[in-house]
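The following blocks contain the structures, represented as structure tokens.
Look at the two complexes coming up: subunit A is in both, with subunit B in one and subunit C in the other.
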Partner chain A sequence: MMKEVVEKLEEIVEKDFILTKKELIESYLFDETSIPVRPKPTLNCIVVKPENSEQISRILKLANEKRIPVYPRGGGTGLVGGAVPTKDGIVISLERMKRIEVDRENLIAVAEAGVTLGELLKVVEEAGLSFPPHPGDEGAQIGGLVACNAGGARAVKHGVMRNFVKGIEVVLPTGEILNLGGKLLKNNMGYNLMHLILGSEGTLGIITKAVIRLCPKAEYTLTLVLPFNSRHEALSTVPTILTKGISPLALEYVEKELMEKSAMHLGEKWNIEGKVFLVVILSGTQNEVYNEAERINQICSEKGGLEVYVAERQDEQNTILKIRSNIYTALKEESADIFDTTVPPSNIGKLADMIDKIAEKYSAYIPVYGHAADGNLHAHVMKKDIDKYEKIKSEIYEATINLGGVITGEHGIGKIRVKELYKFMSPKSIELMIGIKKLFDPNNILNPGNVLSIDENQALRTEQ
Partner chain B sequence: MMKEVVEKLEEIVEKDFILTKKELIESYLFDETSIPVRPKPTLNCIVVKPENSEQISRILKLANEKRIPVYPRGGGTGLVGGAVPTKDGIVISLERMKRIEVDRENLIAVAEAGVTLGELLKVVEEAGLSFPPHPGDEGAQIGGLVACNAGGARAVKHGVMRNFVKGIEVVLPTGEILNLGGKLLKNNMGYNLMHLILGSEGTLGIITKAVIRLCPKAEYTLTLVLPFNSRHEALSTVPTILTKGISPLALEYVEKELMEKSAMHLGEKWNIEGKVFLVVILSGTQNEVYNEAERINQICSEKGGLEVYVAERQDEQNTILKIRSNIYTALKEESADIFDTTVPPSNIGKLADMIDKIAEKYSAYIPVYGHAADGNLHAHVMKKDIDKYEKIKSEIYEATINLGGVITGEHGIGKIRVKELYKFMSPKSIELMIGIKKLFDPNNILNPGNVLSIDENQALRTEQ
Partner chain C sequence: MSLKIVVLIKQVPDITRVKFDAERGRIDRSSAEAEINPFDLNALEAAVQVKEKLGGTVVAISMGPQNAAVALRDALARGADEAILLEDNKFAGADTLATSYTLAGAIKKLGNFDIIFCGEKTVDGDTGQVGAEVAEFLQVPHLYYVSKVKEVKEDKIVVVSEMEEASYVVECEFPVLVSVTKDVNKPRLPTLREKLKAMKAEIKIWHAENLTDIINLSNVGYAGSPTVVSKVVVPKEKGREGKVFKEINEGIKVVLEELAKKGLI
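The block that comes next holds the complex of A and B.
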């Protein structure tokens, strides 16, 4: 069968961009999901690299006709196995679709799916503008960032990807190419299909282009580290900062041990006194930023914090940010899974405490850190605790739901959280989601095995 | 039939809140749509005022079983006939659902559907916070604002309703009550059904509660009037202001004649020299605001503008805003229809020019004004030009689409723009929308005749 498909594909895409040999396709079979939980890929698949949406449309028509599973692939930086081809079929890599243009007058970038976050940031900066959210690894591609509605540390001030996407071009599993939205800040023309597709993780269509809102360049940033002796003191400071009208670019919660571990991993040192920290990045004019820093200083001391550390030099700010960002990397090797549970921001301290209790109960090590201002807490379950993994996961998820939260604020459902989606969503919501999937993808060719693919999910459903 | 339905309804809602007499139901039959274009309501309907979502669920189950059309109704401030009951059936008024609470720590308000915008603003202000967008008439109700994804003049800085809604409670036409989202700033748990329902204009479910993001209180505002001698000069100044990092609360484009007319209507005077104006509202700390005002002053003079008028006193700021806001009211009586076409912001000048040409071609008077920074231009067709209305509308819509725009950025489709939705949307998008409508509302009981109700639309489709 595969031979015949390859021949058909060669009528659509140049031969050089169709890969079948094991050594060539290997790097397309995994994403960044931790090994203990990541899904097993098929080895029997074809990797195709189309150069435009017309080619993708033809590939999808072929796949739809022949009922061949199709796996869209961006930068492969996902953490829930969303891009892993689990059935024999076609992987469509968007990597060659790299056109990008900046429309300065409208504060808009139009980027094809294969443009990486790093490339977008570069082009936007060259145009004298900015794209303030930093929704993940800079190797992530626009298509994936949009399809997964990526979040990141800078959602406090500006929100997640969804807030920045004003239009998309998307190829449906049945081959139609839709242009939804545009360079538009207001659009009420019928049901918003675009917002339905954002966050659908490549199961409703393949996003080939995005119209992205940009911001003016922020002239100045300042990074503050607020040290505290207790988690409670630190986290109770967060709403005070926010309700006083200070809107930081990022407001992160970290603990000493993890910052030290990350610094060591990087060959750096973390010398700031204190048990836990809030890392705050301020952006704006120089005046605004210093004014906000002064107010934060005041709030911090009122809340029992230790002396605030202010980083002004860009290299120093970068180092702090790098240490914060690399907590993930420093823990990665030993991790079995990384959660991204999200609760109402005022409950993040409670969730962290409950996770500590769960760790104690199972004699496990579960480090936590996260985006304090938006309620998004990352907790790692380590490989050494893999035998208790299912129980720990289940208890952390239960705790999150009980605090008014969701099991995923950033990473999405992918292939490894489908069962939990079923568990924590109302049956009617699931029914509607499956109905929508059927409507867009009647033959279930797009990312089967991923979120809300019909067959597996119905099996799951019967199980419960 | 109606008698039997009333009896059934009396088992659900207290008798006092079920209206059938003509003189009592009359005020529930219309919205603010201009008389020449507004749909004709049925007189044979029952108005019910449930007090909670359980009652609404029971009413919808009854209606679904008996195939009775149901029209959800908020403040009745819509401009496209969306709330007008055009078939014999039930009007569900949300007016009694008025519970509201502010969660200061999470910067969130949870408001039931019947809370008016004015009431929300009051409660939020009392809590020392703010809800910065001003998406319409203060008599509009939360349910309607959310269901129609309202916009308004302050979308420049903060975006439309969609950006502020983090969760909803919605009753489906089949009676299920869904809670989607929550007090959450990040949420990637499956397809985002909430965003699909936002902007669906009461055709997929009845929104009974909304979780709304608030902002800290802005300490200070300043209103600037930038006068220019030409439309081109004024509008070319807008992107310069925005790309320089100034983010006004509102940035409006108005012409002298309309400001004078509105001032007269209010018994005020408009004395500022100039042919056209940009009205800019700045918000922030006092320092920020004066700093931005200075930069705008500089930009304005570079762009050939006349002397900037700065209003500092709150009463003076209010007067300017009132004159701007009442252009609509001043024209209303003589208007046949009010458009809310939206284009990429850089094209708003072109659209205004094209509308002038259309006016000239048909010897019509078509005043224009609008939200310059978000590309949303309001044009009125007057009653005196009603014989040319269809042609004018069609040409304005064509011009808008050719400039990369949409026929509605704010008001929605309602009942009076369904035909144009069909004309300007791709057949596949329409097919998906109809599929979604069927999925949510298999018997087409909710707002039939409105956007994407199946029967009429299929008829329309066959027509084209």
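The block that comes next holds the complex of A and C.
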């Protein structure tokens, strides 16, 4: 079968961009998902690197006709196995689709799927504009960021990826190319199919281009570090800051041990006194941010916080952000899985306390940190506690749902949280999702096993 | 006894963002935020650590335009007790010699001092000359490329000085000028309280006329600068070149020839 498919693919894409040898396809089989929970990839797949949406359309038509599974792949920075090809088939890597243009008058960038976040930021900055959210690793690609509705630390003020995507070009599993939305701030023409595809994790279509809203030149920013002696004091400060009308770019909760570990990992040093910290990034004019900083200082001291530190220089702000962002990398080696449970922001303290109780119950070490103002908490289960993994996961998810939350705020369902999606989502919602999937992808060729488990649906449903 | 410590500060553009005007061979200073030269932060941190240990005062001095006061305010937030800005049109266009002469004049005016700390170089000029020249004008010894302050007492300092392939441990009595590298410490963040206080603090401004009893004005600024920059060339980035050989031996021959041409084999 493979040989025949390769021959057909060679009619669509230049030979050099079709990979079949084991050593060449190896780096396309995994993403950043922790090894203990990572789905097992097939070794029998073909990696294709098309250069435009027409080629993708022809590949999908072929796959649909032959019923071959197709796995779209971006930067491979996902944490839930979304890009992992689990069945024999075709991996479509969008890496060659790198065209990008900035429309200054409309404050818009139009980027092809393979443009990385780092490349987008660079082009936008050169155009004297800005793209304020920072939805993940800078090696992540636009297609993946849009398909997974990425979040990140800077969602407090500006929102997540969804808030910035105004239009997409998408190739459907049946091969049609659709243009949805556009350079528009208002658009009520029919059902919003674009927002249905955003966050569908590469199961409804392959996003090939995105129209992205930009902002005027980057604002002045200031990073504050608010140290506290207890988690309770720190997390109870968060709603007070937000209800006083202060809208930070980011508001992160971190603990001393993790910041020290991450700093060491980077060859830096974290030497601020205090057990836990809120890291607050403010943006606006210089006067605005200092005014907000003064108010935060006041709130912090009323809540029992310690002396607040400030980073004004860009290099110092970057160092703090880098240390915060690398907690994940520093923990990765010892980590079995990372959760991104999300609750209503005012409940984040309760969730953190419940996770501590679960850790105590199972004598496990469960480090927590996260995007405090979004109610989005990252908890790690470590490899040393792998024997209790299922129980810990299940209890953390139960606690989250009981607090009015969801099992994922930004990483998505991918291939490793499908069982839990079926457990915690209402049967009617699952039924509607399956209906939608079938409408878009009647033969279930696109990223099968991702988000929904069509073939095993019956089994999963009876299991509940 | 309390020590009198001076720190030399220069305001520079954020070098990670600044754009270079290749045609005119100049830094486009408007393209990036101005801030304290990163090496000077290490100098300031070293000074503050000495003060914390033995007591004393830290005076930050900078020569520059009016807006260099921003850098001095940052120095105050990070532990300097006093800040002096040497600002005058007559000081403009100074090379390292005229700059050092002016800074040394200001330090003389301050009176006796024990230690002067400075960064090993500035990220915009990159000469690394000003510290040593200041020391010469003041006729005090200087310790350069200091990567560690091993010991500091009321009358002397012991440092590790990096000299390419050797590290020297040097002991020196005060007064002395110490030029530090990035390795000497990790500058701490200022507290928000100090930062806000510094925004309202007084920066002393000394004009040329305040220094005429000490310095000769014909030696300052452009007039006092013997350095002539005849041309600035920005090296162009060279792309990689590839050659494909059908015959492996032919390829190897060319590689060997190229290596021999460069004197590598």
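Of note:
Criterion: the second predicted complex is superposed on the first by the 462 of 464 C-alpha atoms of A that agree within 3 Å, B and C clash if a C-alpha of one lies under 4 Å from a C-alpha of the other, contacts with A are read in each partner's own complex, and residues count from 1 in each chain.
Basically, a residue touches a chain if its C-beta (ideal position, glycine included) is under 8 Å from a C-beta of that chain, and two chains touch if they have at least 3 such contacts.
The shown structure was predicted, so the numbers you read here are calculated from the model rather than taken from an experiment.
In the superposition on chain A, A:Met2 makes contact with neither subunit B nor subunit C. In the superposition on chain A, A:Val123 makes contact with neither subunit B nor subunit C. By the document's definition of touching, of the two partners only subunit C reaches A:Glu316; subunit B does not.
One of subunit B and subunit C touches more residues of subunit A, and that partner is B.
In the superposed model, A:Leu266 lies in contact with neither subunit B nor subunit C. Applying the stated touch rule to the two superposed structures, the subunit B and subunit C interfaces on subunit A have no residue in common.
Contact residues of subunit A toward subunit C in the complex are 224-225, 268-269, 271-272, 290, 293-294, 297, 307-316. Taken in their complex, subunit B has these residues touching subunit A: 103-108, 128-129, 148-149, 151, 155-156, 159-160, 162-163, 172, 176, 178-180, 182-193, 195-196, 198-200, 204, 216-219, 239, 242-247, 285, 287-288, 291, 342-346, 371, 373-376, 404-413, 421, 424-426, 428-430, 432-433, 435-437, 439-440, 451-452. Subunit C contributes residues 14, 16-17, 33, 35-36, 38, 74, 186, 188-193, 195-196, 199 to its touches with subunit A in the complex.
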